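Following this line, the structures themselves.
You will see chain A twice below: alongside chain B first, and alongside chain C after that.
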Partner chain A sequence: MADARTAKTSNARIWLAGGWLLVALLATIFAPLLAPQDPLAQDLLYERLPPFWMQGAEPGFWLGTDSLGRDLLSRIIYGGRVAFLVAFAAAAAACIVGSALGLAAGYFGGWTDRVVSRIVDIWMAFPPVLFAILLVAVLGTGLSSVIIAIAVIDWTRFCRVVRAEAMGQARMDYVESARIAGFGRFDIMLKEVLPNVLPAIVALLSLEMGIAVIVEAILSFVNLSISTDDPTWGGIIAEGRLSIHQAWWVLVFPLVTLFLTVLSFSQFGEGLKARFDPVLR
Partner chain B sequence: MILQRFLTRLLTMAVTLFGVAVVVFVVIRIAPGDPIAMMLPPGASQADIDRLRALYGLDKSIVEQFFIWLAGVLHGDFGTSISLRQDVLGLVMNRLPATLELSIVALLIAVAVGGVLAVIGARERGTAVEAGIDVANGAALSIPDFLWGLAFILVFGVLWPVFEISGRVSPRLELPFVTQFYLFESIFRLRFDLTKDLLSHMFMPALALALPLAAIIAQLLKQSLKELLSLDYVVLARVKGFSETQVILREALKNAALPTLTLVGVQFTFLIGGTVIVERLFSYEGLGNMAIDAVINRDLPLIQGIVLVFALLFVLINLAVDMLYAVLNPRLRHG
Partner chain C sequence: MIPALEISGLSATLANGARVLRSVSLTVEPGEVRALVGESGAGKSMIGKAVLGVLPPSVRIAEGRIGLEGTDLGDLSAKARRALIGAKTALIPQDPLTALNPSRRIGPQTTDRLTKILGWDGTRADARIRQLLDEVQIRDPERVLRSYPHELSGGMRQRVLIAAAFAAEPRLIVADEPTTALDVTVQKQILRLIAALQREHGTAILFVTHDLGVVAKISQKVTVLYAGKVVEEADTPALFADPKHPYTRALMAATPKYTDPFASLKPVDEAVLAGLATEIAAADRDWRAPHG
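And now, the complex of A and B:
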């Protein structure tokens, strides 16, 4: 009974969260077709227009405009491009580095484990947001700097989980049988242990994409992400924070978009985890 | 037994801090852009640049610079801030109390909210109330402090302006304080008018920091409580005629708190890490806000000092939690 309910809620989560992510992703991919206005076009006659249902709104500017008269909806849609690009690239990079080190540490144990664990300890002693800001300042602003910074900071998240999982797997009978059957250590690690650790990695990957979206927003909020001309969600939010008493919509709409996206990434991951987890299933 | 554990932990702590120092030093030194060139007006002569480089020790090799800096740090000398031209340690110590107060208030909120939700959830286990608490926990966990902070600015700063959304204290107030621990000192001096003003500034950033931790505490504590509530000694208390709330508060809570405590330690360091951006969001004059300015100004000595102080704080909290756990856990105490 309870199991059936868990399965149902985890399915609902996956569909709802996945649905929003798919819609948002498609909107950013087809941004040139969907955005009603040029996201960079300034028009001082149209500054701080309210959203469509309010007095003084102009047709074509559905969610209103910012203090430079730029269309908010178009900026949010184009800002999603940076957000999703960073989410996929940074999460993938963090995942590959962290999982590889975690797998090696957990499966080989001994010195490998001690060195990797010590590095993870050192990394955990950094305040992550400050570390990210510092790295981007050092690498110089730009898309690749943001991606590298997030990967450099967040690989530990994968490393810790995969290490613990691999440690558990390494003690299982099937690993011992494979060894007796004459398989090499790397072969066992990649062909036997890795597939069993994969569900944990996939769930974490979705969670990490949400975190990457947030970190990118934070970096662009403090004006350290990509160039200031291109719209980013954090950049729009920083604008909205400044003009909050004159034009609340400039803060509300990107904030809601960010809320839904981050919530969806984490719920998608949780839903996948519940589905893959043999104990819960 | 406990002493041995303590000494081992102290040693790993030193290794971790040394590692942090090396990493931050190397990262900063590979930065393009010359902080000295930024300090001088354009057209400064090469001799002037060289003199200033020598003054800040930037003319030596990286390894030399590192050990000179490390020797200074061990003597309490963190160098001189390039952008503010003041002693780094003094600057950091001036701002640290603001960040500590914010973190402690956030921790108190998290423990209070999380604890109450856990007790209610355990009492009402299996009902719609518990399900509601689970959903709220899920949302509070998925949304990071940065977004909570922005949402609170909108709701309680603009829509229904009951709290201050900027700064640490109203600038018009005269402050009689001798320490930087404004909140604690205002309470000790019985200046509750100032306490109220400080809390009005602090409440929203603290709540934003507290929510994710409150959710973790609620979830974990509720789980431990539910497991304990089916044990014999709890059943016995129930048979004795205690009400369910009494059973939870008097019998189960003490034993359920221990596993939660370990996690709260690690999570508290995450909370402190979150102050960096949340302070920025609310223009709160703490260490994190200063850190972002330091990065933007490429103030190398100041960045190093701040990162190291944060790292020291993190390892000290982990050490304290570890020791507290060892002292409280009967199995380790008598082992």
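And now, the complex of A and C:
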């Protein structure tokens, strides 16, 4: 019975969270077709228009406009492009590096493990957001710098989790049986251990995408992401903060979008983990 | 006749120098079942692991030889040793719950060894594993081969593992307490299956167990182990008819009997243990771990 309930909640998670992510992703991919306005077009006659249900709203500006008269909905949709690109690229890079090192450390143990673990310990001593800002300052602003910075900081998250999982799996009898049968260590790591670590990696990958979205928002909030002209969620939030008393919507809508996206990434990952796990399935 | 397994003077130590095996010698002739009995911690599983080349890194073989069909494992390179062990031996493990990979289907999991290590083609491996599943009385091999381990009961999993162990026609099987983790009712069936397949295939088995009842049912020869030392060795019927060593007699007295389950339960006598301690101290007195 507990199993059936777990399956149901994990299904609901996958559908709700996945649904939001799909809608948001499609909207950003087809932004030129879907965005009602040019996200960069300024029009001082239309500054600080409220969202559609309020007095003084104009048709075509569904979520209102900011202090320069730019359409908020269009800016959020275009901002999603940066957010999703960073999420996928940075999380994938962190995942590949961190999982590979974690798998090797956890399975081989010995000096491999000692070296990798010490590097992780040292790495984790840096405060992540400051580290990111420092890296971007050194690499120069721009999309690729943001992606590199997030991957460089967050590979340790994958490394630690995958190492612990791989260590547990390496002690299992089926690994010993594969040894006796004559399979090589590397073979066993990829064929016997990796599939059992995969659910954890998938869940973490999705979680990491959410974290990448947040970090990108933080970096663009402090103006260290991409050029200031292109809309980013963090950038819109930073602008909205200045006019919170005159136009709350400029702050609230991108925040809600950010919140839903990050939450969806983590819930989607948890749901997938339950699905992927053959024992929980 | 070349024995399937010949262990002579095997000693093993932990990193701190403590001895876990004390000059163990035993032989398993081809087609013979030798039981290795002792309490937990006596080192019986350790011997099995040493034969299969999977001793934990903390245990070091200090001296002694392990010969598989006349080839001394110590003479081989690590790679050649792995190849020989892979080709000549198999393990029936203690815990069928952890001995199968939970994220792989039974089919590929059991045929992998035949195709990847022994170089059989897929059809032959598939036919072979089906034949063995039939021999362990699995009625619907189709379903079982497509299943994940968690979809099968403990008894079914142990049958699958037995089939997989015999599939490659090993010369020696190490059975490491293969019935301990199972229900009492299933234990009997599994034991019968192992005995039947052993007779059918003529495979030599080193049968590790703590259960003297199992020893009587399955083995022709017995080695009794205490604290990593062989205390008695005999043909199975002879051992039960006339146990020579006081420890063996004490073990037999400590085995519960169905007719009178409580009254007959006796712990091993203090005097016997004291005697064993003296024996072991004597064995260790002249022993020094050789270097290298």
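Things to note:
Assume the second predicted complex is superposed on the first by the 275 of 281 C-alpha atoms of A that agree within 3 Å, B and C clash if a C-alpha of one lies under 4 Å from a C-alpha of the other, contacts with A are read in each partner's own complex, and residues count from 1 in each chain.
The rule is short, and it goes like this: contacts are C-beta pairs under 8 Å (C-beta built on N, C-alpha and C of every residue); 3 or more make two chains touch, one makes a residue touch a chain.
Computed from a prediction, not measured in an experiment: that's the story for all the values here.
By the document's definition of touching, of the two partners only chain B reaches A:214; chain C does not. Look at A:222: by the touch rule set out above, it reaches chain B but stays clear of chain C.
Residue contacts after overlaying the shared chain place A:196 against chain C, while chain B stays out of touching range.
Residue contacts after overlaying the shared chain place A:181 against chain C, while chain B stays out of touching range. If you count the residues of chain A touched by chain B and by chain C, you find the higher number for B.
After overlaying the two complexes on the shared chain, residue contacts for A:129 are found with chain B alone; chain C is out of touch.
Judged by the touch definition given at the top, the superposed model places A:173 against chain C, while chain B stays out of reach.
Overlaid on A, the two complexes show chain B and chain C touching no common residue of chain A. Across the complex, chain B meets chain A through its residues 12, 15-17, 19-20, 23-24, 27-28, 30-32, 138-139, 141-144, 146-147, 150-151, 153-154, 157-158, 269, 272-274, 276-277, 280-281, 288, 291-292, 295-296, 298, 303, 306-307, 310-311, 314-315. Within the complex, the chain C residues that touch chain A are 52-54, 82-83, 85-87, 89-91, 93-95, 98-104, 112-113, 116-117, 148, 150. Those residues of chain A that touch chain C in the shared complex are 172-174, 176-177, 179-183, 191-192, 195-196, 198, 278-279. Contact residues on chain A toward chain B in their complex (touch as defined above): 118-119, 121-122, 124-131, 133-135, 137-138, 140, 210-211, 214, 217-218, 221-222, 224, 237, 241, 244-245, 248, 251-252, 255, 258-259, 262-263, 266-267, 270.
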